[in-house]
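Next come two complexes built around chain A: one with chain B, the other with chain C.
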Partner chain A sequence: MSNVEATTDNRTASRWEQLFDRSTRELLVGLLFAAPYLVLFSVFLLYPLLKGLYMSLHEWNFLEPSKSTYVGLENYARLLEDPAFWNALWNTLEFVGMTVPLIVGVSLVLALGLNKELKGSRLLQFVYFSPYVLTVSVVGIVWAQMFAQGGVGTQYFGWLFSGSPLNSKFWAMPVIVVTTVWWQAGFYFAVLLAARQNVPERLYEAARLDGAGPWRMFRDITLPHMKNALLFVVIASTIFQFQVFGQPYLMTKGGPVGNTETLVYYLYELGFQTRELGFGAAVGYTLLLILVGVSVLNYVLVGGNDE
Partner chain B sequence: MGRITIDNVRKEYDSDAGTIRAVDDVSLNVQDGEFLTIVGPSGSGKSTLLRMIAGLEDITGGEIRIDDTVVNNIAPQNRGVAMVFQNYALYPHMSVRQNMSYGLKLTTDLGDDEIRRRVEDTAEMMGIGDLLDKKPNNLSGGQQQRVATGRAIVRQPDVFLFDEPLSNLDAKLRLHMRTELQRIQEELETTSVYVTHDQTEAMTMSDRIVILNDGTIQQVGTPAEVYADPVNKFVADFIGSPSMNFFDVSLDDGVLYGDDFEYAIPSDLANVVRQNARSDDLVLGIRPEHVTVDTDGADTVAATLDVLEHEGSDNYLYLSEGDTEWTVRVDGNTRFEWGETVEFSLPPEHLHVFDAETGENLVVDEGVTADVDGSSVTA
Partner chain C sequence: MSRNTTESDEPNSTKLTRRRALSAGGAALATGIAGCAGLTGGGGSGGGSSSDGSGDGGSSGDVEIDYWMYFGAQEREEMTALIEDFNAQDNGIHVNAQGIPFSEFLNKLFTAVNSGNAPHVASYYGSYGRHLKPITHSIDDYLSDGAANKYFDIAWENLQVDGSTYALPIDIHGKALYTNDSVLESAGVDPDFSDWQAFSEACDTIVSDTDSRAFSFLNWNSGQAAFRAYIIALTQAGGDIVTGDPGSYEVAYDDDVGMQTAELMSKVTGDFGWDTPQFQSDSARVQDFLAGDLGMFIAGTWSVNNFENESGELPEGLDFSFQKPFMFPGDGDEVAWCESNSLYFPTNSNHTDAEKQAAVEFAEYVTQNNTLWASAGGHLPAAKSVATSSEVKNTALWQDYGTISTMYEMVSDGQVRYQPKTSVHINSNRFWGPFMDMYLQNTDVQTGVTNSANALQQALDQ
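So, the complex of A and B:
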């Protein structure tokens, strides 16, 4: 890349000025500043991205990559006929479909409720945010224990489940959803709280004089002001939740009978258990395409940038 | 109708430093159709008082009535008031038309056609007829101000409340909007309470002025009254630009003794001062425009010219003698040289003598309603 040249040229200023005109020099200097990120981006994002695409077009040989054979779109065709893939896709959609609305709803309610300067609202802000600082392993293990056979949660909700809900085809996914909402909502709550606090109080005063009640104020002032933040929360949490892996891995191992096996979990199984790296890469790429599609759809539906 | 009666109204806030009294026992009547300005420095409680009339602040004590209804516990939208905010508080996501019709939609049962007609009439009156479909962010400051005023007018309220509505505009536009607001108020004859920290706005627009300081009323009166007969040093200082000259003096045998000057005053004035004074520590006050350089025989004071400011029709002389500094307004054609010694006299009818401790004006004309303690004033 050209940033290497830029450093050598920089030492002899006069020659460097002779060699390049002003705009080229600015470009090179700019690249030099961008270099640290560009290097990291290339090594850890661009290369794996392209390598993944390359792998997804091959019958990949795990032990001797040079012996991999090019198969074109065969992996993708196989994927469409793979019931395990469809199961994982369905489970992922189910998870996202439950988690995202809950996260948005819970974080919005918390943000609106804790916006007021009441006694203890600072403490509550801290309390609600704090689960987010935990890693998925801590969250997963704690909640798995809570809802294991004989766990606190299992006993407490004994009237609801018979035995551990993590072994129930019906309850395993909802428990993972609740775990995720508990873990993640704090972050989106902080984002929405910041957005809510940016709404000028004067507008609410003007609205009160105009005769607006709480619902009108929410609809006509709060919501329009928080639209961009809400859009961010919806898109960011959707993209993040589509990649769910840690919770089912730690809590259910994708079970019972594949009922909580998500796309990334399936991808992990293909890669690290059956060693079908080419096919796994095809699953990964399909997930990427889905996410791009979801983001565009989200933006079009919720965004509608009219300002 | 729109008569406002404010009776012994108090506003207290709890803070870490204890209870803060923002408005302290204020009583005031605003006549129907009157343009009343509340003026005072930052933190004087003027906005709080206005917001209590609007219903945006709770009233800690006392009573506010609009016409004959006690409004203490009536919601803002039911008080028959409309307010123009300092930063306009236009709804940014709504067009000008929606901004103006919002209150009518929510508080009246007028039909869409009637609302549309009223909004368009008001917009025409405010000169914003062609902006109705724009969003506030696409308007200039002056246009936003017009929309904010129009939003209040279209409601046809009993009372307009203005909270420093012109302070975000540049000087030229502010002057223009000042006359505009006066024109509208005269046309509509709606009772208006106008809060500002700008004494020029207060002097030029109002039927009467209320001067507020530290949450208490200092004086209520017409612009001419508060200018000519300020009841205390605070009012004298606050009203008028540039502000009044003040000098620490003592009175002995009809002569005022300052640090660097002495000046004989007529015996009747000296008698009034002696009668009213509680101590020997006095403050002499005279406005720059009342100091006269045509001395013709009266007692004079001399001082050296430090700075001469040309302001077109007027010149301002900044004079000093020892530690005593004088500001004097003279005609724009009068010629003085820097460093020159200027002699001037102080016409007794324009002299104010204040008690140094209480600030009370000792020579104020009788009949001026005033209360230095600010406990209660009704004019």
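So, the complex of A and C:
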């Protein structure tokens, strides 16, 4: 490097240093690096989020947004008095309440079972994970066909229900739950299997030497070491299940008797069937608040005091 | 959403049978088109978005028209043939057609208009004029002289919204009663029903004396189907879906007449035991009908197409009738529900006047030269000269099966009625899902009708 270039660089550096102190400089550099993501985040997440909030305070005119009327919290007040909203909320809670424990339980059992070096365990890992690569459209249509009148599932389980369970107000939701568990457990199984494989084997060896049985080892070694992964599985699957839409849309259209109409399905109907976008946005924001609350609750109850 | 093959005036997934292929070929030859090369051979159901063959080959300088249709395989083939025919005329207009799945059609259309990307022409139901008014434009200034006189009055009047014309009708289609006369004969009942007493006795006899289900009122897992079936019985009972003027409609079917009609509908799978409280796929219901496991069902004029086997022939020994569905009880009018597949003209500020004119010319051509729509599609064309043409009258559908001829009679005698033109998407499951639940015995009639009526009234009030 020539002396002239070195002098120029020093002058530039000093100007840069004169303009900003060190922490500001670091902040600006950090922002510059984060800019690509921040742009995408702002355009595709932040803007819709704020626009949704704005819409929820209006009676929204779909075709001429400028003619939308500000109604304050009226949409939220209407929501509280709307039996369809409460029905959808109850159905969603019912779905989450059944699905999350099953997903956690099934994926944990699979992860613990396949952690052993058994013949064919690799193949089974692939088999259990594979449903997760399917789209909800494929899953919904296949399971809807299976449990339609005359479908193979309906025939096979004919002793359990008469006719298609998707037409039964008692069985429709359980079938959607089972469909969802079949579809998604594979992903959480992979997460938990990875967590289980990170538990040092020497701990089990020491425990065995101390005379600990399988249950004791599971309780005192496996569970504590998998706690973070389990917390992730519980929170992630809870958030995901609260947003269930594709399965009821494809399998039951929210029926029968609205028994499988979930919050997002209800939101969809408001937005795209009756085109009440302002009210729909209010439902969406309510769902957001519920999800934030549930996440905080999950964190407090299941974990969060980790050192 | 699983598609329905005979229920709807919607995408129809029936295969192209030999008769239809011959009809299509004949019509194409008659109009000088070189074969059926333009027919999309699509199977499948209702289909994803796709551009049809008609989209290629416009001459430079042609006015380009975009057309969105929701028709499924069979009807799409017929419409595509009509478009090919139009494009082949080389009249300075070229139409690019695109198929949009029916279930997403309205959403996509509204979004397209909102974003300034609407097509020039779009299919939808004639009764949706008020719902589509905010996103379509009137065509009175673009219509040719005397256009109104070319269509059946009832179809033309249905397309008027606040005194202006917003669409042109392709057809008039409706629902009526199919009877498997072999089943009726084995039960010893006369297949000619003029009143509820005769009909209900026949159904009871079929159930007691045969192994067949007597009567399927609805089976398609859709609110739209339930609505259409209900409205036939309700009108004959003297009830209405809504009363009052457009803009201030009041839901009316939660009165005694509406409740009683819903009760009757529910009893078909309940107390009467004429049908099982289960939805079949529509093709399964047709198979039951053809196999003699189902005596009678309500279905569209076009449903007969699905009776044919792959050779385009009816199953051997099938003896069926198609009759006006005027057997329901009550003091109302003997009218049946009807609808028109129609062509609308979505709003788009980018469309020039020449394009709008060309779009209407295309629509007039398609709606006034569509013998294929009858001979192969099973619909009664809305243009009078086409409906009564020898090409249509010589079809098996008119002469042998009596479906189109019966529909023609009903239209000519004022025995059909369109559903109310509301500003809301009235066919939505949101309003008619409870009727499906009543049919499935999942809810009682009082609750079902009340929920349905409240939801519709709430939407109308918005």
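By our rule, the second predicted complex is superposed on the first by the 279 of 307 C-alpha atoms of A that agree within 3 Å, B and C clash if a C-alpha of one lies under 4 Å from a C-alpha of the other, contacts with A are read in each partner's own complex, and residues count from 1 in each chain.
Here is the rule we use: a contact is a pair of C-beta atoms (placed from the backbone, for glycine too) under 8 Å apart; a residue touches a chain by one contact, two chains touch by 3 or more.
Worth saying up front: this structure is predicted, and the values here are computed from it rather than measured.
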#### Entry: Clash or fit, chain B versus chain C on superposed chain A
fit
### Task
Based on the superposed arrangement, let me know which partner A:269 touches: chain B (first), chain C (second), both, or neither?
second
### Message
On the A-aligned overlay, A:212 touches which partner chain: chain B = first, chain C = second, or both, or neither?
### Response
first
### Contacts of A:254 with chain B and chain C, given as first, second, both or neither
second
### Query
Just chain B (first), just chain C (second), both, or neither: which does A:148 touch?
second
### Query
In the superposed arrangement, does A:203 touch chain B (first), chain C (second), both or neither?
first
### Query
What's your read, chain B or chain C touching more residues of chain A?
C
### Query
Counting only touches as set out at the top, which of chain B and chain C does A:220 meet: first, second, both, neither?
first
### Task
Determine the nearest approach in Å between the Cα atoms of chain B and those of chain C after overlaying the two structures.
51
### Sites on chain B touched by chain A in the complex
54-56, 75-77, 81-83, 85, 87, 89-94, 102-103, 106-107, 135, 137
### Summary
Within the complex, chain A is touched by chain C residues 1-2, 107, 110, 113-114, 134-135, 221-222, 276-281, 284, 424-425, 428-430, 433-434, 436-437, 440, 442-443, 455, 459, 462
### Touch list for chain A against partner chain B, complex
200, 202-203, 205-212, 216, 220-221, 224-225, 307
### Task
Using the touch rule from the top, collect the residues of chain A that touch chain C in their complex.
62-63, 84, 141, 144-145, 148-150, 163-164, 167-169, 250, 253-258, 269, 272-276
